[in-house]
Amino acid sequence: MNAENLIALLIAAPLLGAAVLLVGGRRLDGVGHWIGTLLSTTSFVFGVILFADLLGKNPEHRTLMQHLYTWVPVAGFQADVTFRLDQLSMTFVLLITGVGSLIHLYSVGYMEHDERRRRFFGYLNLFLAAMLLLVLADNYLLLYVGWEGVGLASYLLIGFWQHKPSAATAAKKAFIVNRVGDMGLSIAIMLMFATFGTFAFGPVFAHATGASEGKLTAIGLMLLLAACGKSAQVPLQSWLGDAMEGPTPVSALIHAATMVTAGVYLIVRSGAIFNAAPDAQLVVTVVGAVTLLFGAIVGCAKDDIKKALAGSTMSQIGYMILAAGLGPIGYVFAIMHLVTHGFFKAGLFLGAGSVMHGMNDEVDMRKYGGLRTYMPVTFITFGLGYLAIIGFPGLSGFFSKDKIIEAAFAKGGTEGWILGTCALVGAAITAFYMTRVMLMTFFGEKRWQPDEHGHEPHPHESPKVMTIPMIVLAVGSVFAGGFFSIGDRFLHWLEPITGHSEGNSPLSAAAVTGATMVCLIIGVGIAYLQYGRRPVPAVAPRGSLLTRAARRDLLQDDFNHVVLVRGGEHLTRSLVYVDHTLVDGVVNGTAAGFGGLSGRLRKLQNGYARSYAVSMFGGAALLVAATLLMRAV
Amino acid sequence: MSFPLLTATAALPAVGAVATAAVPAARRTAAKWLALLVSLATLVLAIVVLVRFDPGGARYQLTESHPWIADFGVRYELGVDGIAVALLALTALLIPFIILAGWHDADPLETGSRRWRPTQGFFALILAVEAMVIISFEATDVFLFYIFFEAMLIPMYFLIGGFGDRAHAQGEEAASTQRSYAAVKFLLYNLVGGLIMLAAVIGLYVVAGNFSLQEIAQARANGSLHMATSTERWLFLGFFFAFAVKAPLWPLHTWLPNAMQESTAPVAVLITAVVDKVGTFAMLRFCLQLFPEASKWATPVILVLALISIIYGALLAVGQRDIKRLVAYASISHFGFIILGIFAMTSQGQSGATLYMVNHGISTAALMLVAGFLISRRGSRLIADYGGVQKVAPVLAGTFLIGGLATLSLPGLAPFVSEFLVLVGTFTRYPAIGIVATFGIVLAALYTLVLYQRTMTGPVKPEVSAMPDLKARELVVVAPLIVLLIFLGVYPKPVTDIVNPAVKQTMSDVHKTDPKPEVEAAK
Amino acid sequence: MSATAVHSLWTTAAEPISKIPAPKIEYGQLSPTLIVVGAALVGILVEAFVPRKSRYYAQVFVSAVALCAAFAAVVALAADGYGTTKAHIAAMGAIAVDGPSLFLQGTILLAGLLALFTFAERRLDPEAHGNRVDSFAAQAAAVPGSDTEKAAVKAGFTTTEVFPLLLFAVAGMLVFPSANDLLTLFVALEVFSLPLYLMCALARRKRLMSQEAAVKYFLLGAFASAFTLFGIALLYGYAGSVSYATIAQVVDGRVANIDPALANTTGNDALLLIGAAMVVMGLLFKVGAVPFHMWTPDVYQGAPTPVTGFMAAATKVAAFGALLRLLYVVLPGMRWDWRPVMWGVAIITMLGGAIVAITQTDIKRLLAYSSIAHAGFILAGVIATSKDGVSSVLFYLAAYSFVTIGAFAVVTLVRDAGGEATHLSKWAGLGRRSPLVAAVFAVFLLAFAGIPLTSGFAGKFAVFKAAAEGGAAPLVVIGVISSAIAAFFYIRVIVLMFFSEPKPEGPTVAVPSPLTMAAIGVGVAVTLVLGVAPQYFLNLASQAGVFVR
Amino acid sequence: MNPVYYLYLAALLFTIGATGVLIRRNAIVVFMCIELMLNACNLAFVVFSRMHGNLDGQIIAFFTMVVAAAEVVVGLAIIVSLFRTRHSASVDDASLMKL
């Protein structure tokens, strides 16, 4: 059989799982989680088969297409359900299904005591299906379906514990903020249709250069808006922190490894358009740079371990967007960092989850401390993830992040210097806040007290089913980067799709690496001085203005609340009033007017025959007069 | 002559209505079953029409034509094009669900007089409405259409005013006064619209000398019938006003929230999913065909009004405290999209609009009927009275969520396709309007999810803690609708294939062609 | 008998008796009128000679037979082509036998027949001392509440004179629209007015109101007819004749030999204009057009409901017939003078009737105002001054009269201790108590409102269509607006009947005899048939749309 | 002398009658005023008949008298019954029905 036909199965498997688990009802409660895990693994296996098949081909012919059917045929508007599997989407497929399957496995343990575990796995499968659709779609409209599909899945999973109002609110917030991004995507699609008469990848990219730069820039910016929504980039980043209300596996899979990176995919995939629209690219890099600092700063101030990691995610994706914005210089490294980040960030989250698992779902790092002795496996895997993310030499993060910083400088000119510096500073801050997390969680003396029920938490290592995925991911976060970089394997793998160009870096690679190392040491050092040497206060000190701002996501939420939420409420309330008094009032007023007129005219009918006679007489007179008048004129 | 299929599709429910009304007072259940069977039989007939209809064939098919009132130049002329067939099928499809959903809505509370037979009346009226709607979809004679367009109001009026939700917050007395207010409002709005249209209809006769849609359109096309520009515009306005009230278009919309709020959920569905469609359908069939130039002349204003409807309706939906009112305002927003698509005058826009009519029918039915089940359990329409339902009635919550997602036109569900077509169709000709309209999708997400969050999630309110989940009957109502939503979302081709030729025709009626893309990239 | 005829008698009086030429009277063509008049006379004899117990039956029998026979005669004449080809002027110029007159006569006779049924209804009122009673006073002469009246009731008297009166009124109405000279017009006017004045005073319940209605109607009616008469005098002065044809000729200036006197008078247009205006005013009073409408609500309310129904239906038909003939046959020459004036009258009539009706609280007054509004709609058709205008008005009148009689017949059914419960508040929740009656009444109201599939819609459409074609588009728009206003109060009644809770001490719906049932049934049937398949009747109307000159 | 003067007289009488109808309360008097108007009409008829030299007008005058007589019969009957009920012939008292 030829490989194309397998592509649909990649999606079909988890979709089937979702359908079965969600429609199946209670009778599947016993086995639901295993069905889910099995089907996601199946998808992974298909992925591997296809990967092997691709490797068999020579680099130019590594694009498989599968046309299922014509979706929306309307005069001139042709949307097909067609899948495209090339090196780029293949990378994502493996990442999604691989990490996804691991996290399925992990969840089996993590969600063990939740009576709605079956539904949880249903949602997870739904997510996988949507995400695969997103990366496999061959046209933007189909991509849009996956795009919103993952949004829905993340909505369902963030709000999985719906009885918690905070969770429900966070879910709603995530979806709506994403909708703003989606608006960008749909406008981009409309622009494409208006410009090219189609929105299928092939023709659009082929003719991209034919369109006016203005149009292309507009399309690019709209795509960026979409990316900002999905990848939690400034200014649409506010939802990611709250999204941590969801179960930790969800945070690991969706809000660290896969979904949030969809924005990066979109930009890299649309490289042809961005290459022709330098202005758009510039904006992309700016957004990336701002976000990577923003996220990092927020990450420094959070005491909630998951929120700290969320800030870190934001910042890391900032790196990717920055790289993607650099054009052919950065595309490959954006994706490479994305993959390595997928490993170590997922690992970190799973570690955090495992910690919470052992600590009665306590998330405040100030109530942790000295856990390394209680949960060694978690400690080691988490530590490896930590080293990877701060870019400890030899580990994944080192390779991927270093490349991005180089590329940033390689952009050249002042932009290059500015962007590069931002990246370097970001690296330093990353080192700081990750070290902080590490120290507060695993070192120092234990700080946990009995909770209000008087239960003293008994930290313990998590079961195998949870630790195994953590170990696998730790391995990944250690070796992936090296594996990719040695001999530029990854570069050669992706180049046919994204293209690649060495910019002209003002600094040598060695210099950049050195600078990075320095930043790293500074960051770690400060963190050690602040949290390693002195005991961590159980209640957060008031902290500097910046700290307090950072705790509140740099006041961005407050801004939204005041301007958008309050303003919106006032707007709707006043509109309701308008609708009731003005629009309705006009009509009711007319009716009332006729009523009043009627009441007044009615008085003329006073019951006196003589006044009736008067009216007749007057009428007769009028009649005569009018007739005469008509003759006169 | 062949079997009068179209007449049959309309006559069957009409006869059924009479029969249902005639069922003796004691035999309520019999009346229900009779009505259900009749509606199902009508559905079968509609399917036959669907099968017999050949998308590639003549513009109007299965035509029938008999002299009726020669003095008024009126003929009994029926015929369906793709658009009509689609809506005919939608109507015939929804009615059985409406009947089934309203199974207990009309069981008399107090046994007043022996002769008072609300149940029979309720179902008879529904069937009567179905018959009239169907025939107004089929009529190709302006007068014939007008007659049923108007007559439709009477049964609707009794449905709205006569039957409301049980256990009203302020007691039965207040409920009945509010109901009759809503009913009167509904009737007066539409009656005024209709009467103004009557003036235009008469005017049309004075100008054209007959009422046959085809003849007039033909005469307009080959120039044998010339209309003075001002005349055409006045006539167009007369027609459009009536349809805009029915649709409803801002600022003529205020009757809809009251009507939908006070009537029972099935009737609300009947109003917004079936009856209102006649308005948008008529814009497409009559306004554009009879008065192409005037339509183009009025387009800018209408587009702006449609745009206002979209945003305004959505914003008001966000501000509502009453579930049904919320859905009503959401519908106003959606009708804005439909009208936008019709008057954007692009194939995508108009196909999208037609598709939208069908999809909006199904999605609103799903959402509103589930909402009805919810309300019937708690006896309150106020959002604030609910909370945590998801915990006690997961299936109900799930179906409600899917209905809501369809309303916010989530990709993969039917409404998405149509909404996107409308947006694209508008954008290619009026980019600014297209972009503003896109804000509608954000607001849609807002009001739907806020509704879901407030009613279904959070801690379980004590009043709802004992709420039962969906019963078998209710599932039978909801499940097919949801399946349909998903199917049409994934594979809308069956509908678009029927609709496209008709839209092509309409486009040529108004002498419009789609704008060309900047770069001809499509293969 | 017409003036010219009399004149010829006079001039030949001196010659030998044998020389007197008998006036030529086409009895066959006048048979409808003659039959009714004859029956009325028989009715009087019945009153004189038939014992009281059996008078009722005798009268009903005579009247019914007469009306049926007259209708048959009309049909026969029409079938014989007198409506179209053989249409001509009979009775030496006094009576026109043509399409309009036959059509209207037919309508009037049917309306009269239905009215007769409601007159003869004796099951609604509770039996008094074991005697079935109808809705008329036991003894009109007896003072209300006096011992004589009690005695009369005890003795089971009934005012069977109403039947001959009805017949006389019908006879007058038959002549009215077919009158072909002004004298006949005036005589006919009085012939059908006087019996109506009397019948108004004969209510069994609420006799004070009934008498008051009669007084008002009588005084104002007489007042109006005085104006008419003066107008006739002026026209006669202008044209030197009262015959329609002659006047028309003079107005158009088509007379062959103008003698000095005629030249003198015709020189003075004021005579013509004022005269025409006054005659028209008299007719407008009968149709109840604003501002000559004020008697309508009071009289409709006070009169016995069957009489009200008869008045509302038949009087309008007859009066509009006369108005049409006057404007189309006598005064077409001065169309440009009266059309604008009639525009004004039509507009204020439509709007006035509709607006004032909104705040009415008594069902009979409400219907009265609705009848005023309808008069306005019909006037819109009259103004069209085209063949279509005529036929549309004819159709409208036919449709309207049946709806009206049916509606008032239903009003007679809803009763409480004080007789008919006409106050709207008592109609609350009628739909719950007796859905059928409420539904029937709703049908009539919808027809009044002009909802499609009822005769009201067909009629309104025909009239407005004619008006629009006649170039009166603004009138159509105003008509549409006022029918929107009118719709509001018809709907109010429906709301009241169906959507408001029934009152515990609300009225009961009496079960009528087959007579009233027949009247209502026919009303409903005609309403629906004319709504769904009006073609046949439209044909009749359009065939009948030509006046003989 | 010029018959036109008689016409003026007729018009005057008619107006007097009409005014009487408008201002007098007693039903009988009102009714007499109406009779006066009718007689004014008669006068007019006769005068015109004289002017035109044909007799139609005079004949019509007879008819009018007959009609007037009939009206008297009916009218008096009604007014008398009203008077017997209310012990007053004032038309203003008869105003039960209004608005």
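Every chain is named by a letter (A, B, C and D) in the order it is written, and numbering of its residues begins at 1.
Just so it is clear, contacts are C-beta pairs under 8 Å (C-beta built on N, C-alpha and C of every residue); 3 or more make two chains touch, one makes a residue touch a chain.
By chain, UniProt protein names: D = NADH-quinone oxidoreductase subunit K.
No experiment lies behind these values; they were computed from the predicted model shown.
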Study note, to complete from the structure: Most remote chain w.r.t. Chain C, using mean C-alpha positions, is A
Study note, to complete from the structure: Check: interface with higher C-beta contact count, A-C vs A-D, is A-C
Review point. Could you state the distance in Å from the CA-based centre of chain A to that of chain C?
Key: 81
Revision key, fill the gap. In whole angstrom, the CA-centroid distance of chain B from chain D equals 66
Check your understanding: If you average the CA atoms of chain A and of chain D, how far apart do the two points sit, in angstrom?
Key -> 97
Point to revise | Between chain C and chain B, distance of the C-alpha-averaged centres to the nearest whole Å | key: 46
Check your understanding: Could you say which residues in chain B touch two or more other chains, in rising order?
Key -> 188
Review point. Tell me, which residues of chain D touch at least two other chains?
Key: 18, 21, 30, 91, 94-98
Practice item. Pull out every residue in chain A that's touching 2 or more other chains. Key: 591, 602, 605, 607, 609, 613
Point to revise | Touching chain combinations (by label order) | key: A-B, A-C, A-D, B-C, C-D
**Study point:** Of all residues in chain B, those that touch chain C in their complex
**Key:** 67-72, 112-113, 115-117, 146-148, 150-151, 153-154, 157-158, 161-162, 173, 176-177, 179-180, 183-184, 187-188, 191-192, 195-196, 198-199, 202-203, 205-206
Review point. Which chain A residues qualify as touching chain B in the complex?
Key: 22, 69-78, 141, 144-145, 147-149, 152, 155, 159, 162-163, 165, 167-169, 171-172, 175-176, 179-180, 182-183, 186-187, 189-191, 193-198, 203-204, 206-207, 210-212, 215, 568, 571-573, 575-576, 579, 583-584, 587, 591
Practice item. Spell out the residues on chain D that touch chain A in their complex, using ranges where they run on. Key: 18, 21-23, 25, 30, 91-92, 94-99
Check your understanding: In the complex formed with chain D, which residues of chain C make contact?
Key -> 3-4, 6-7, 10-11, 140-141, 143-144, 183, 186-187, 190, 194, 197-198, 201, 207-209, 211-216, 218-219, 222-223, 226-227, 229-230, 232-234, 236-237, 240-242, 259, 261-262, 264-265, 297-298, 301-302
Check your understanding: What residues of chain C sit close enough to touch chain B in their complex?
Key -> 432-436, 446, 451-453, 457-458, 461-462, 464-465, 468-469, 473, 476-477, 480-481, 483-484, 487-488, 491-492, 495, 498-502, 533-535, 538-539, 542
